[in-house]
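One chain, chain A, appears in both complexes that follow, with chain B as partner in the first and chain C in the second.
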Partner chain A sequence: MDYHFNFNFVWRYADKLYWGLLLSLEIAFVSILIGMVIGLGLALAYTGGGRLVRTAIAAYVEFIRNVPLLLLVYLVFYGIPSAGGFAYDAQTSFVATLALYSGAYLVEVFRAGLDAIPKGLIDAGKSIGLTPWQRFLYVRMPMMFRIVLPSLSNVYVSLFKDTSLAYVIAVPELTYGANWIKTNTFRVIEVWLVVWPMYLVTCYVLLHGLRLLERRFSLVRR
Partner chain B sequence: MSQSLVQIRGVKKSFGTTRVLDGVDLDVAKGEVVCVIGPSGSGKTTLLRCINLLETYDDGSIKVDSVEVGYEDGSGSRKRRSERALAPIRADIGMVFQLFNLFPHLSALENVTLGLTKVRGISKAEAKDRATHWLTRVGLADKLQSLPSQLSGGQQQRVGIARAVAMGPKVLLLDEITSALDPELVGEVLSVVQGLAKDGMTMIVVTHEMTFARDVGSRIVFMDDGRVQIDGPSREVLANAASHERLKSFLARIEMKH
Partner chain C sequence: MIAYIANTLPFLWEGLLVTLAVSGLVVAISLATGVLSGVGLVYGPWWVRLPIRIYSDILRGTPLLVLIFLIIYGLPLLGIDFGNYGSAVIALAAFKTAHVAEIARGAIQSIHYGQTDAGKAIGLTFPQRLQYVILPQAVRRFLPPWINAVADAVKGSALVSLAGIVDLTLAVQQVIGRTYDPLPMYLLGAAMYFIINYSLSQTSRRLEARFAYIRE
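== the complex of A and B ==
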């Protein structure tokens, strides 16, 4: 029981962790942004679409949600390029994967949000003469976002943690950086003792920020 | 012949196989306050919702200020108006809802200004003035910035009235606007409506408040089984109620609830 902690190696390569965390955040941000566009677009298409559209969207959602993310990461990085005869870099591939993945979850979130808008508000919008587009802009969207904000927080945090899977295709994000230091210094425990709170604190800050947003947009008080 | 502001002829409406409106005829002249009464399920709400096309009617005609609301004018075949084409027609027909239906994410003031700026194209500053005027008129000058959730039912309903009236509608539809309120809040809402009546606002008022119908209504329309059964001057209708079996038993049932 005389393991001597030595963090010097970790500090020496700290920039790998620092830049890794930034890249993790960037990947999460961009994929969620694209995922939101996918999710919102499909949720609206689902709500207003016919059977065929609905079936196609449901199939997409079911497919993504019932396949482990790791498998999707491999599929998009190795599978699709080799089948299509082209290549893209690992980071692009991972962002695409996470965007498709978050899109599938966000469709469900947004769809539930759209369904939860009281019918009476749409009637009220009609009764003052708002056009369908104005009702969308000034009634449905703001209501939907307020309804889904709490569930969005959870999706965001879990997607941020999912960025760690990018390390399997050598995207130099935080987990990849940690692994690199571990392999090159054999300081396993020290590395994880540093990286673990980095994830923890980031998630906490994210969640806290989103809670503030929820409070700002609360329907109960300002 | 002076044309009615609202002219309803032979309107029929079914939900699935249930016929809810079975040939409704009704005329409302400018400045009239028509109180619609009748048992629950007789089609009062559906009739109001047909007038501003929140429901489509299957048959017959509804004209507001000589414009057929549900269908395009002209050609013989009935072509339903698009939602987009309906918007300006609806803007001229105000509606106040039983459950208020205020936009919960907007303040009282914003609830009123939304239609003024987006539909009427009025500048923000002028819309604010106009909204403030109406909210003051309904006694909510100190609640402009409140969210609906911070208001009592009676206050919310008064915002609902201000939102509808501020648009300057040709006719105002009110659907049991006090029936979701605690009894002690009914008065403050009805007195606002009474004020509007005094100003000459044309209104179709679905209500169970018989005192209001008698004192404020120009006419009472009794609906049952999806039809207008009785239509006449308020006091006359109530005075002759004894001779009409259905109206008599309806009034007796209301009486008991109060």
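== the complex of A and C ==
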């Protein structure tokens, strides 16, 4: 191998990678928050709704889950504004795409979570005279969130990895920063050798941090 | 409108064939490497398990897009050049191998230990136990998640368009480059992916229901 590694250029533009990483985390975080609202709303609608509502929700979930995320990113950023005659910036578009995307996965997560609440608990709520709304707020929601917490952290880590796709519509996240350095310095392999561990380490730090959180809130106290 | 879409169909068809070829290759390669790794993860000595575990954890912590770029630019550096197409297939297959390995590991480990004991008790050797006892049962646990992984591979193959390979996604982009009418083309492309992946995920669901009777 007669290639001479030169990481100097990568370090010189390290701020692009640093801010890129933060933006990736931020995009994933905002997206999962909106996705959770979508997911929870639709999961409740699915459980309580009629056939029409259920079919519509199933159609949304199946569409999102069976189409490549890349195509969804293009569809939202280029496709929809072209037909509607309006425009939004790339970052908003990407967050919206990722929120819709995670929403489709979270509907299933929340639905399973709602199903997994022990019936006895809801009966216990009834027996101490809680109204349906109180049962929802103080019994079902806290239980459900504790049940789905592991799935939520998996979705978050996976969304963080998916933010790398934002580079195709020039959102300045980590992969975009890497491509910027690549095209401006031609230190191609050095850039990827720096960015790759950045993703890897962040993923595992996130995963372990979230596992600690899960243990703190898990149903069975250890 | 219909004539316009009919005009673009040959281009999309070419792209679709590339998407199917890439996904097919990736699925075939990763099935072999993944199942081997999965068996290694369960039955291997520590010096087999450890490298597979590290490999799988590293690959699953890497965004697929980053892996594709890393392999496309990194392999030529090592003096290996498979071209864009080959490198992209290797990247996707390397990624999928980690997932298939975990599915295979989970499927094998879900078979109760008593089955192995029973196999030993009637004097079966290790390969015989695998062939006649463990794997026939494990395959039923393996198939449904694996078919989902196949659908995932089809979706993941869209990323090769960013490496300049004219798959369905890039074919759609190229048509739009000519017609400047993005929405119908993206929806058409999405519909094509949808048909492939939806039939796969339905198959997976049906198999899962079919094999649901198996307990321990």
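Some observations on this one:
Just so it is clear, the second predicted complex is superposed on the first by the 221 of 222 C-alpha atoms of A that agree within 3 Å, B and C clash if a C-alpha of one lies under 4 Å from a C-alpha of the other, contacts with A are read in each partner's own complex, and residues count from 1 in each chain.
Keep this in mind: a contact is a pair of C-beta atoms (placed from the backbone, for glycine too) under 8 Å apart; a residue touches a chain by one contact, two chains touch by 3 or more.
These numbers were taken from a predicted model, which means no experiment stands behind them.
Superposition of the two structures on chain A shows chain C fitting alongside chain B with no clash.
After overlaying the two complexes on the shared chain, residue contacts for A:78 are found with chain C alone; chain B is out of touch. Of the two partner chains, neither chain B nor chain C is touched by A:54.
Put chain B and chain C next to each other and count what each touches on chain A; the higher total goes to C. After the chain A superposition, the centres of chain B and chain C are separated by 100° when viewed from the C-alpha centre of chain A, nearest 10.
Contacts of A:188 after superposition on the shared chain: chain C is touched, whereas chain B is not.
Of the two partner chains placed by the overlay, only chain B lies in contact with A:132; chain C stays clear of it. Contacts of A:65 after superposition: chain C is touched, whereas chain B is not reached.
Once the two complexes are overlaid on the shared chain, A:164 sits against chain C while remaining clear of chain B.
Taken over all C-alpha pairs, chain B and chain C come no nearer than 25 Å in the superposed arrangement. Chain B makes touch with chain A in their complex at residues 49, 52-54, 83-84, 86-95, 97, 99, 101-105, 114-115, 118-119, 147, 149-150, 163-164, 167. Those residues of chain A whose C-beta lies close enough to touch chain C in the complex are 1, 3, 62-63, 65-72, 74-75, 78-80, 82-83, 161-162, 164-165, 167-168, 175, 178, 188-189, 192-193, 195-196, 199-200, 203-204. Partner chain A is touched in their complex by these residues of chain C: 57-58, 61-67, 69-70, 73-74, 77-79, 151, 154-159, 161-162, 169, 172-173, 176, 181-183, 186-187, 189-190, 193-194, 197-198, 201. For chain A in complex with chain B, the touching residues are 118, 120-121, 123-132, 134, 138-139, 142-143, 146, 217, 219-222.
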